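Chain naming follows the written order as A, B, C and D, and within any one chain the residues start at number 1.
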């Protein structure tokens, strides 16, 4: 990864600020000949789009993506694909009070410390709006790995986990929380309503599973599939933790309980490893979990300082997500798709 | 990160197999004029070296590092620094029974799936022996960030966490577990003794804190300091989870509890963020935790298959660590040092 | 360099086809705080723009650049700068006859061989139109190296070289050939008129000098300043040769004649080296020359084959430059600026 | 390319100084399963080795290469291949007089300007000894492109070119100049004898042809095959110019004379393009020429300054090549092999 690009041979570069004229992504290294139009990308953006339910920010963006290069007669040409999404509902005035005061838990202070000043409109480059560009890029990555089925969903919200025994994949698309446990979704509805009324916010844990990944993707030592996934997921706004397979729970198992036994096929009798051994896919589902902190954009006043160093308090008005983890679901899927597509091509480079 | 290199402008490439003639690292981009000799590196290798207590593998390696390039008259020249560590106690015969059978939880199967065959002696490139090269490289990285104090320690072993209220930094160097809680260290002694006798293994969680990191290191969006740390830590053998600051626990907090309030200075009233906001250091200690699974090299027989696909059982004899997390402590420190040094130089490139 | 990006820490990614909706560039790693608006970029694009004299293609493009990200209140923020230039005068029908026939000397056949098909409208990605994105990016690079003065000019056209003794820098801006020798410019006028009437084309050699580069930029061994320049210049459309300093002529000198003697200052008594020794700038002007072939888009019929493999002839109508080397002048300047800015930042990373 | 590494997916990192304990290379990304032992590498090193004729330096190095990693049972494993060549005949005292005086035309001054000090023994990292590591790496690259036949040879020495009509490939291995024209080789023998006696040196031009490269390797825009070759060749010590195909001579042709006509097959009626169109191989031989300056290590006294800035004269004693271009022949071949192998794998990544 470099400043604003990532990937080994499928390179994605994103650009754009929350309240600039547009955001976008350049996808370089895409195989030629794939059928691609805006219609392949738009549904994923719609899934991420704000304002789709009362559990997300009320900012209104149509998030219409345009392909500016890299396709011809409906197919990818092998040249860089430039995607552009205009920003529409910018309402910069909402943010004018954060120009000179640092929102605790935000990047306001660190951007100023690094660059000397910052685009304070809506968080500028640090806004989660950047993730729309990832989702658009991820839609293209999916076309490169048609053999893989990627599904992300919330497994915990506000500290309230799902009941694994009640896991029902069909529920994910039904409720606004991408929650596979109908009962949990109901509880979360109340929790999010309550926290929004209280002017606060909640964290969440997103799980993502990729089925159909063949054995052999990934590479030792610093291009490990799990290393790439960890870096990619931790780069998402508000992410604070990443697990592969059993993750932290694996550290509490004994060796014989954690090792996934093999039978001919090969099949595995369990998947504690999350589908990755030695940094290389095993053929089992690749499973990753990402922890998202509660957003710090809250109506509750908190102590902070201004650019001048003086102490003050801040209330972040604006229009914010009470639980950014909800809208992170398609972003996690996109990053999974991008890492897998990149590793597929990298594997093909070395091993044919 | 690429196959066997990582870093933006401080690039580290490691090479070597567990039972080849040697392992090593090439460190490229090191600033010139730093005082450097083998004596600056050896102590860190000694800390990682196997056979130092009965809680680690009994493989005997002196791990003497040699500098083959990049220094002159005791100082770095700015050219690549080549470090070589000879392998001595190779005993390849110990591993001959794993040549044709896959050890569950190991990279045996996935290397074969990827490359068609593998160096089965001691795990080849997938062996944790590779981490000696990281530790050696990390010793050089420390010279680049003399303003930073890095300390890693175990905070959980076999599911048994330390008592945070009993945290005593001076204990870390005293017990063989790098444990800051004396009482926990005693309990762990018994646990590791027991599990070794039982022919099994335990997982662990390593925490690493870097104090003295100034505000401003790291960069949006894909070169975030936390993203780089996550990728670097997850690339360590047996790592299955990475957290920054409160990590997964942050997902259970409310917004006002998670946001670290600021007072003039600036100072922060808490450090839930682990010293990183928006991917950029805040000036607080950078805190990361890494979960290590229990090694799958155990004496307990487990079901598996051979290269021929036939079902069988395997007992991994060899000389193995009952808890690889213990020896991961200096490796985590090395990766922290390498990421920070790289980000310091990258920050200097862009911001002067 | 990767597919469509280049630079170590100042990374430029360009995208876009000749007849797509737009072309553009993303500049990543730009230092923050530089004053930047479209007005800083537009003059360089105007210099490159087609249709500015009768010696260049009559395609009409206003080449208005728009900044989509990376600036705030008129200054760079340190985040990626997205530049977009709309394509206006596309006239795709002009090219319809090359859809199924390969133009000799063009990328038509090789794109098909690589990708299986191609965007044949105006050469698609292989069009020199891509260089507008370089020129725009180069304008930003100039802001990063204000200490450097970059000038490119033609030193040979159609095999007719300038008279070095008649070199007059003020002539460069006066004639349509960027030619420092007024007499040569007159001869070239006739030569280009003649070749255009004949439906043919001419080659040219562009020289570029960068004054004010301090000693110390560049780095061994594969990030040499001359190595980077060679790669960058050879990536320009129609480039077939690159020289540093005396270049091929140096191969005809004796050691004592080629070595630039030093006197205190330091000053050098000559500049055969072109300002680069061991891949690192010496403080003398950095001098590079680039040979451009005559374009193969000519009205003279030439033997070729079709996509079906059958033999035929082709006449390339369209609107083409009789000498692409003329319009390469600002492109060579841009690449010089980009390489120097990147190496300046890279030097700062390692050496402070 | 980065400081000391290059390649997209086949990454080569070299390290080592002229008079350190050893030099070496790490080759990362090599496909698995290739038969490889030291015997595959040694012949190429022997071809480059100094002291092989009276026309090269009399420094004696056996240049025995050792493989320290990346192979098992005689085949590449897909993990990094570490190659080490010990320095034997170091005679550092020969160079003690250049410790405080800058040799004109050498990197002495620029290294000091960049790094503040330098390893002055034999030029340190700037020594052509580094190229032994390239040749070793190139031997492995050749195994990745068995379909390609690479031959380099001198086409000009001291300004005296070969007669193309007398080109006889079998002569290349016969004379000490890798010269395909027997008559020229005789003339050069006298010229080099004379220049050595005079304490001076001569330049040369090396041409390299790669036959068997299929159409489709290379990629727009900044990973062009010719761009990569130019960067790679210009990174060789003493290189000052690079041409593809007709190179600078192409700039003197008219469009219809330069365009290589196509006939069914496809076949081409000429190869002015040097086998590359639009940055992508056409299936014709890939032809590159590299100009090497005369070495500045000469017995003729030349004006210079010391580290203290005072003016003085220098005579470079040591043991030097009267024409470094001669020994550059296998280095040029190695860089050609490395670029082609890398581009082959990169093409496979994107296009399967």
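Keep in mind that, in the parts below, a residue touches a chain if its C-beta (ideal position, glycine included) is under 8 Å from a C-beta of that chain, and two chains touch if they have at least 3 such contacts.
Since we're looking at a predicted model, the values are computed, not measured.
Q: Determine which of the two chain pairs, B-D or B-C, is joined by the larger number of C-beta pairs in contact.
A: Of B-D and B-C, it is B-D that has more C-beta pairs in contact.
Q: Taking C-D as the reference interface, identify its repeat among A-D, A-B or A-C, namely the pair sharing over half of the contact pairs by residue number.
A: More than half of the contact pairs of C-D reappear in A-B.
Q: Suppose you list every residue number at the chain A-chain C interface; are over half of them used by both chains (same) or under half (different)?
A: Same, since most residue numbers here occur in both copies.
Q: What whole-Å value do you get for the distance between chain A and chain B if each is reduced to the mean of its CA atoms?
A: 26
Q: Averaged over CA atoms, how far is the centre of chain B from the centre of chain D? Could you give it in whole Å?
A: 39
Q: Can you work out the whole-Å distance between the CA centroids of chain B and chain C?
A: 46
Q: Got the chain C residues that touch at least 2 other chains?
A: 2-5, 8, 14, 29, 32, 78-79, 114-116, 125, 219-220, 350-351
Q: Tell me, which parts of chain D touch chain C in their complex?
A: 1-6, 8, 14, 102-107, 109-111, 113-116, 125-126, 130, 156, 158-159, 195, 200-205, 215-224, 226-235, 239-248, 250-256, 258-266, 269, 272-274, 276-283, 291-298, 300, 302-305, 309-311, 325, 347, 350-351
Q: Can you name the residues of chain C that touch chain B in the complex?
A: 8-9, 29-32, 78-79, 219-220, 345-346, 348-352
Q: Quick one: in the complex, what on chain C touches chain A?
A: Listed in rising order, the residues are 2-5, 11, 13-17, 20-24, 26, 28-29, 32-33, 66, 68-70, 72, 75, 77-82, 84, 114-119, 121, 124-125.
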